[in-house]
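Consider the two complexes below, in which subunit A is the common component and subunit B and subunit C are the respective partners.
After this line comes the complex of A and B, so read on.
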């Protein structure tokens, strides 16, 4: 008995000869997506969806919120300026001492290297988004009783008790300001280097932040180092612990490391361009460029 | 002379550089064609005053490497004493229970607090459960009921491998799982 190719075989052959399903040969069910109706043509033309006569048809409608002369709702109540400009203010997303200790315990952060905003963002456990006016890390005191790590940490905001907790263990804490362009570079250095622009020199803090960053009590990076040393002693007396002697510490060199006020990355100077692909750093030789970046 | 050496042409063949020098408007390259094709015939005619004098260095590249994040989550280091200062305990090996609760990729317990309905409804979620999920549910119930003094209301989702307990018992459930060795 000879085999006659039926409708099934024809259908299967048709499917087999079709191209692979891809984005360029897919379409939704008719009516699944609403399309913008322009209201042109014989059927939709004439009044174009505007109805009969009146302001609505003649493009003379009053402003939004107008109530025909009645005192409108949006003008009835006075403005309250409590939160004016709050959306533009600098924000420091918090990181608790407990979180920091957990990161160290799990090996996400190395306490034998200085810790700064980049180290914390690279763990991917802490998020700082400069596009949302996040200017850096705010170290909070949750977990202050269990904090045992000895670290050289650079934060953007902190409180007195947190400073005491860090220094009690023999660590060093500094309050350091970064302008928003520097924060963008710090939060994702890989993405910044891929842009191929020179490392920016960090700007000085704005007027309302100068007081904090020049205050030795908050270990500000612009404060007088002698006053900072005095403040350390005072804090130790206040909280009742002995100030550890740094010079005898095996990690002294690491704990001593501090960035220059214009520097944003450890070991890299402003003005340099990093070539990630060829693993090379480009430094400007011209005197005026060097002077600019060192000023 | 410099202009004739380098010819930057768009794909329609018009010489962009020449048009720019003469002040004429060439066809808007980006609008029409996309990228231009650069045919530089002599590199020495590039205007050198435009380029900054630079030097190359590989000495400081080690500092760049320190700035790049690692692509994987590292294994936690060995500690002499557990729990660690932050309260972390590693999972025990070689457990013989009908069920298992696996750690998350950051080596933490998969126990979460779900806050719903504007904060009025609190649920404890235990995820990543392997094995006999009903046995674990019974054990959690028998553990929580004496502590709370209330009936322990649970939801068991076999396909998604989670258990939900009504109420905020994250600390208690966490302690229970740690004691079991998970």
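After this line comes the complex of A and C, so read on.
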């Protein structure tokens, strides 16, 4: 039996002040002993609630799903292996470039700061519910021709043409994986901080997503930065635009901001506790914890 | 801090060689060395004028003060439980030190239902019901139709041994011998032991002694000792092996409420039947080792089960 903090000691403390546990005062859990009595008597006992003669009365009903010898419905169709585990698959609710451009134009998103899942969820125009296996945002290509903004955006899934649209304007796009606990924290940071638990260490992507997040063509956050630079150039040549030089950009400091693979929030490291009430940040001191949260 | 408090209550003196003489097991424990204080020793001089009845006062020159016991495989998240190490040398309860007990063994959640399941099992598995009643087929006679089927004015009958007849066979009588044997799962049995030990510890009915050696084989001594220490009307003394010291064996021979038991015989029923449980330090060692091995054996692992 696993130890639940405090409960065991509380129970043992309680039992210390009670009569001695002995052979005469033991009892099973309530409901553990099943007693069924067939009702008898004039009012209740004539058919014992089982109706008149037949299978119902004699408890010889055929098994569930049996259709009297006809090939039953539940066996009639072959299983669809395609749907195996479909309820567990990762979902990425879409956000189009058109919607993003609109959010920026209406002032709901500030393009002068890096955009991540929290920024998008804070607009209240985009919804992501981790309880439905939503793992973040899928940036889609609707409105690709009118997208004008220069942004540093972090998405969870995207396509090549969307990457080209963002980079053509001098922006930066990164494909970044968050595990479901981190998504919960990102979607509603205030609720997460109110729980008073340390910011978790973001997990690495699962086996079937590693290929995507290490691919420089999708600007994966685990890809080699040099190869990402190469891929930027390659993509620019493919789509016929020039890659702007970052270092001379006035927004260079903003555009180069990038989270650590273990980091969830900008400016906050894993392991820290944000105390909203006292408005302080508590950081781990013990070496063991530091090693644990170190990326 | 506890060690220093102990020291103030029980001023002691001993040497390391002396401890080794006492018990080879004590070598494993961290022992605190202090200077010899002659005033606190019960020397022969101090026994002068003492009446004959209290002759059982210890002759031991010193008390080893054990401040810590090394637990194997400690639980990282729980403090060890602590218990006094006592001695059966004197009538009065003389504390030899403090020992740590494993919290997973002596601090388990008090699952009364698990104790109940264990007790039911211990009562039932050995039971054999010998009750047996003959059926109509096993009774002698009854082959002949007692009277014609019709025209007698009486009800139709086929055998004098029918269950409806007086002197007939039983319809659904007991068909013994019937065995009620069943096996409780190993996990429930070992958890039962841990819960029983934890409950005894929590209710202050668990005592740990250095050994079961007593100075006299007189039953009166052990009775007095148990009375003096308020150990209740019954007690179970548990040692690690089944060769018990001579004195205690003779003293408890005529006292059915006080019993001796080796660790391999320890069970939930006996623990709950006796008010007090007295374990020797060696018994504690063996118990913890065995129960921890049961708790953490690889067969418990789901991955292991899948593989095999």
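Going forward, the second predicted complex is superposed on the first by the 229 of 295 C-alpha atoms of A that agree within 3 Å, B and C clash if a C-alpha of one lies under 4 Å from a C-alpha of the other, contacts with A are read in each partner's own complex, and residues count from 1 in each chain.
Keep in mind that, in the parts below, contacts are C-beta pairs under 8 Å (C-beta built on N, C-alpha and C of every residue); 3 or more make two chains touch, one makes a residue touch a chain.
Being a predicted model, the structure only gives us computed values, none of them experimental.
Contacts of A:98 after superposition on the shared chain: subunit B is touched, whereas subunit C is not.
Contact with neither subunit B nor subunit C is seen for A:197 once the two complexes are overlaid on the shared chain. In the superposition on chain A, A:266 makes contact with subunit B only, while subunit C stays out of contact range. Applying the stated contact rule after C-alpha superposition, one finds that A:26 touches subunit C and leaves subunit B untouched. By the touch criterion defined above, A:233 lies against neither subunit B nor subunit C after alignment on the C-alpha atoms of chain A. With both complexes superposed, B is the one of subunit B and subunit C in contact with more subunit A residues. Shared-chain residue A:280: touches subunit B; no touch with subunit C.
Applying the stated contact rule after C-alpha superposition, one finds that A:61 touches neither subunit B nor subunit C. Those residues of subunit A that touch subunit B in the complex are listed here as 98, 101-102, 104-108, 113, 118, 122-125, 143, 146-149, 189-190, 193, 265-268, 272-274, 276, 279-286, 289. Contact residues on subunit C toward subunit A in their complex (touch as defined above): 75, 77-78, 104, 107-113, 115-117, 119, 191, 198-199, 202-205, 269, 272-273, 275. Of all residues in subunit A, those touching subunit C in their complex are 1, 3-5, 7-9, 11-13, 15-16, 18, 20-23, 26-29, 32. On the side of subunit B, the complex with subunit A involves touching residues 52-58, 60-64, 66-70, 73-77, 79, 84-88, 106-107.
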